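Next, two complexes with subunit A in common: one pairs it with subunit B, the other with subunit C.
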Partner chain A sequence: MEKTWNNKAWFLVLPVLLLVAFSAAIPLMTVVNYSVQDTFGNNAFFWAGTDWFDDILHSARFWEALQRNLLFSFIILAIEIPLGIFIALNMPKKGIGVPVCLVLMALPLLIPWNVVGTIWQVFGRVDIGLLGHTLAALGIDYNYVRDPLDAWITVVVMDVWHWTSLVVLLCYAGLVSIPDAYYQAAKIDGASRWSVFRYIQLPKMKRVLLIAVLLRFMDSFMIYTEPFVVTGGGPGNSTTFLSIDLVKTAVGQFDLGPAAAMSIVYFLIILLLSWIFYTVMTSSDADN
Partner chain B sequence: MSFSWMAWTLPTALFFLTILALLIGMSVWEYFAPGGAPRVGILRFETTRGDRLFISLLGAAFIHLAWLGLIGPNLWWALALAVVYAIGVFRFV
Partner chain C sequence: MARTIKYKPAGNLSWLVSTIYIIFLLLPIYWLVNMSFKENSEITGAFSLWPQNPTLRNYMVIFTDPSWYNGYINSIIYVALNTTISVLAALPAAYAFSRYRFLGDKHLFFWLLTNRMAPPAVFALPFFQLYSAFGLIDTHIAVALAHCLFNVPLAVWILEGFMSGVPKEIDETAYIDGYSFPRFFVKIFMPLIASGIGVAAFFCFMFSWVELLLARTLTTTAAKPISAIMTRTVSASGMDWGVLAAAGVLTIVPGALVIYFVRNYIAKGFALGRV
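This part shows the complex of A and B:
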């Protein structure tokens, strides 16, 4: 069949362009405008130049929050991606088990972020929470309100509980799309379970894994609601991620200029890291 | 329609007009030389001219931030460096 070239088709993307303009481009332009000015309210602005960027780049608070964010994303990816693949590989491929597993996997994804935070906040409490109380009964000194390590473990486990399902569902979709002929050929060749995974399943899952890594990275790097509800960024600043710091600056202190500058630096870091992830994974895909 | 809530200033307006001009320029370039001129450069992965613009703009943003953080608030040299970097990207990447 011959392709028809008609440049008028570009008009069909106009609604999307308008949507992106109103939902992303115009707010972003406003943030850039705010980042070079100071305001005391009443829509009155004063030119500040690059002062806010200078402050942010020399702020220990910003760099510490960034380090916490990078560490958190690294831990999340290191746990959720292998665990998601492992669960997807072990899920049933046919029978009544398929819908049961799919519904069970989808359940955590349907719970709103603040509800997840509230669930884990209560769950981890030593006095009334099932987890906290059980650990205390076992003689384990666990208290996420007082101990930074416990707070980190709670936030990480909560995120794993909430979002591993997404990786599972994406990997499962990749796995069920592999034709049976591949497995039959592997069986004829006497391939081991590892070889089937390494040379058939993993390459076939590569595209969905790319999406999973990108989504989980961007989402974990922008995480706000769950740790805010559970720990409020504490104890001390131990779970204060960039987004929590940003909200404190913008809403708590009403420092719109510094908050806008911080937003732009934050946005650029996410853009850079996502682009690196995407490029590395798609170019290795092209090489294969 | 008032846009005063967006807190426009002359420098930020010029900044966005430059970005808009670049996008229009790239569209005109694409119209006269369609296909995006894909090639594999020194980074060893395929890029179109749109990718090269993206790499240039993203790199320029970080050059300015690095200059501001490490050297000082006079960003004209950072701008010059960013232009040289962009030429390098369009020539070699």
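This part shows the complex of A and C:
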């Protein structure tokens, strides 16, 4: 749409600006402030320069948490995106099945995140959970509290359960926007099932897939509540992601300086990702 | 005849894929519901696929104990506050973004986006200190304002998506007919994007409802949300699994009730209004 140049539009944006300034800009300034100071209590602060940043960037704990985060996001994308496309392709296109599928599939997305954690915590327990009990009955040694690998599998399966529907819904929205004429033309040309997918459906889904990949990457990158409830970051530190580590440092130990420095590094990573997201989205907006 | 030509998606077994997936989604939820109707002795003692002695005790505990049901009331209060604030603030802003170009508009839009993407963990500590300074800790409005961090940008994006679908000629005709901007906006424009407002409100409701970290950090007793009360029970009172399950089931209900109304827009909402 052709837009007119009008600086008075700033007045319309003002409420949002003030609100977000209060809930984002001011807190962020506090973080910057803490990240360069040290304190021994009593509200007495000393200039610490970039010490905290040095500490963070040289601490094995930070890098390990970051690696865990990246590995987690990678696994999540590798499973959820293909699975989501596959399910969306097989969803009913008309009839009573459509609303039923949409509503049931969206259900996990609306469950409070800690309840998602609780559900899987209970579900996976060997003594009272369906999953844990069944696996034990099959003779599989599974215990997410004790075994790091089992903990990882549980957290990954939980995230697949929680968020694959997002990919499905987005892909489905892309698929239903394809006009019937495309399929008719493909039929006349005798196109195979694979070419229909490769040359008609995939290009039409490109835009929504882009959104799905970026959203899933960013949200899995800042995951906190679900693994916190299920594993508490353990066993050991095996499922301690950046967010969990950060909250532990900031709210648990009240180490303001390191927590603030870590927040800023974390936030800069997210900022970079957001910038990529924004550039990709606006350029694909321009294509349309 | 040509109209009926359709590609059957992946053969006749396609319904099977959806069915298996839905069963996978519903099994853990079923297990929670199943547990919520059992006595604790049955949960820990005998393994059964459905309640042998169905009981409503767990739900009675929640509905009769103020420390439990107040959690639901607290959650609903701050979620409603947040939804109202977010949508009201986002409406004019979304209109500005969809109709005008102005100094710094793209930077502002990007800045809003970064807040949707910001990890709440980064904000937990500074929020605590900011709201302490204003004496707002443990109030509903504190949580409502904190959730504006990600809900206001989301509402702006969704509303902007819907508003861009309304032809600009409608605005111009209304101005020529002598409508003032506020009157035009409320009387003509808002009814046109009513579904968009509904969807934006739904998504604000949803993201405020599912968030725990900030809500827990900013409250102690008087405004404690139900999800935080649940986590406390897990660690403290010797694992009352039945009540925990019942509380979990009750947190799923509000979302399950409204989801039907937005089923066709849910993808658009998650895609930040861009499908």
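In the analysis below, the second predicted complex is superposed on the first by the 257 of 288 C-alpha atoms of A that agree within 3 Å, B and C clash if a C-alpha of one lies under 4 Å from a C-alpha of the other, contacts with A are read in each partner's own complex, and residues count from 1 in each chain.
As a convention for this text, a contact is a pair of C-beta atoms (placed from the backbone, for glycine too) under 8 Å apart; a residue touches a chain by one contact, two chains touch by 3 or more.
Keep in mind that this is a model prediction, so the values were computed, not measured.
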item	value
First (subunit B), second (subunit C), both or neither touched by A:217	neither
Which superposed partner A:266 touches (first subunit B, second subunit C, both, neither)	second
Which superposed partner A:275 touches (first subunit B, second subunit C, both, neither)	both
Partner chain in contact with A:144 - subunit B first, subunit C second, else both or neither	neither
Greater residue coverage of subunit A in the superposed arrangement, subunit B or subunit C	C
Partner chain in contact with A:26 - subunit B first, subunit C second, else both or neither	both
Touched partner set for A:163, first subunit B, second subunit C, both or neither	neither
First (subunit B), second (subunit C), both or neither touched by A:57	first
Touching partner for A:152 - first (subunit B), second (subunit C), both, neither	neither
Subunit B versus subunit C as contact partner of A:283, first or second or both or neither	first
Subunit C-contacting residues of subunit A that also contact subunit B	26, 30, 271, 275, 282
Subunit B to subunit A touching residues, read off their complex	4-9, 11-12, 15-16, 44-46, 54, 58, 61-62, 65, 68-69, 73, 75
Footprint of subunit B on subunit A - complex, ascending	26, 29-30, 32-34, 36-37, 39, 43, 45, 47, 49-51, 53-54, 57-58, 265, 268, 271-272, 275, 279, 282-283, 286
Residue ranges of subunit C touching subunit A (in the complex, touch as defined)	2-3, 5-7, 9-10, 14-15, 17-18, 21-22, 24-29, 31-32, 35, 43-44, 47, 49, 85, 88-90, 92-93, 95-103, 105-106, 108-115, 117-130, 145-146, 148-149, 152-153, 156, 164, 168, 206, 209-213, 217, 227, 230-231, 234, 241, 244-245, 248, 251-252, 255-256, 259-260, 263-264, 266-268, 270-272, 274-275
Touching residues (chain side subunit A, partner subunit C) in the complex	1-10, 12-13, 15-17, 19-20, 22-24, 26-28, 30-31, 86-87, 89-93, 97, 99, 101-115, 118-120, 122-123, 127-131, 133, 161, 164-166, 168-170, 172-174, 180, 183-184, 186-187, 193, 196, 207-208, 211, 215, 218, 221-222, 224-225, 229, 242-244, 246-247, 250-251, 256, 259-260, 263, 266-267, 270-271, 273-275, 277-278, 281-282, 285
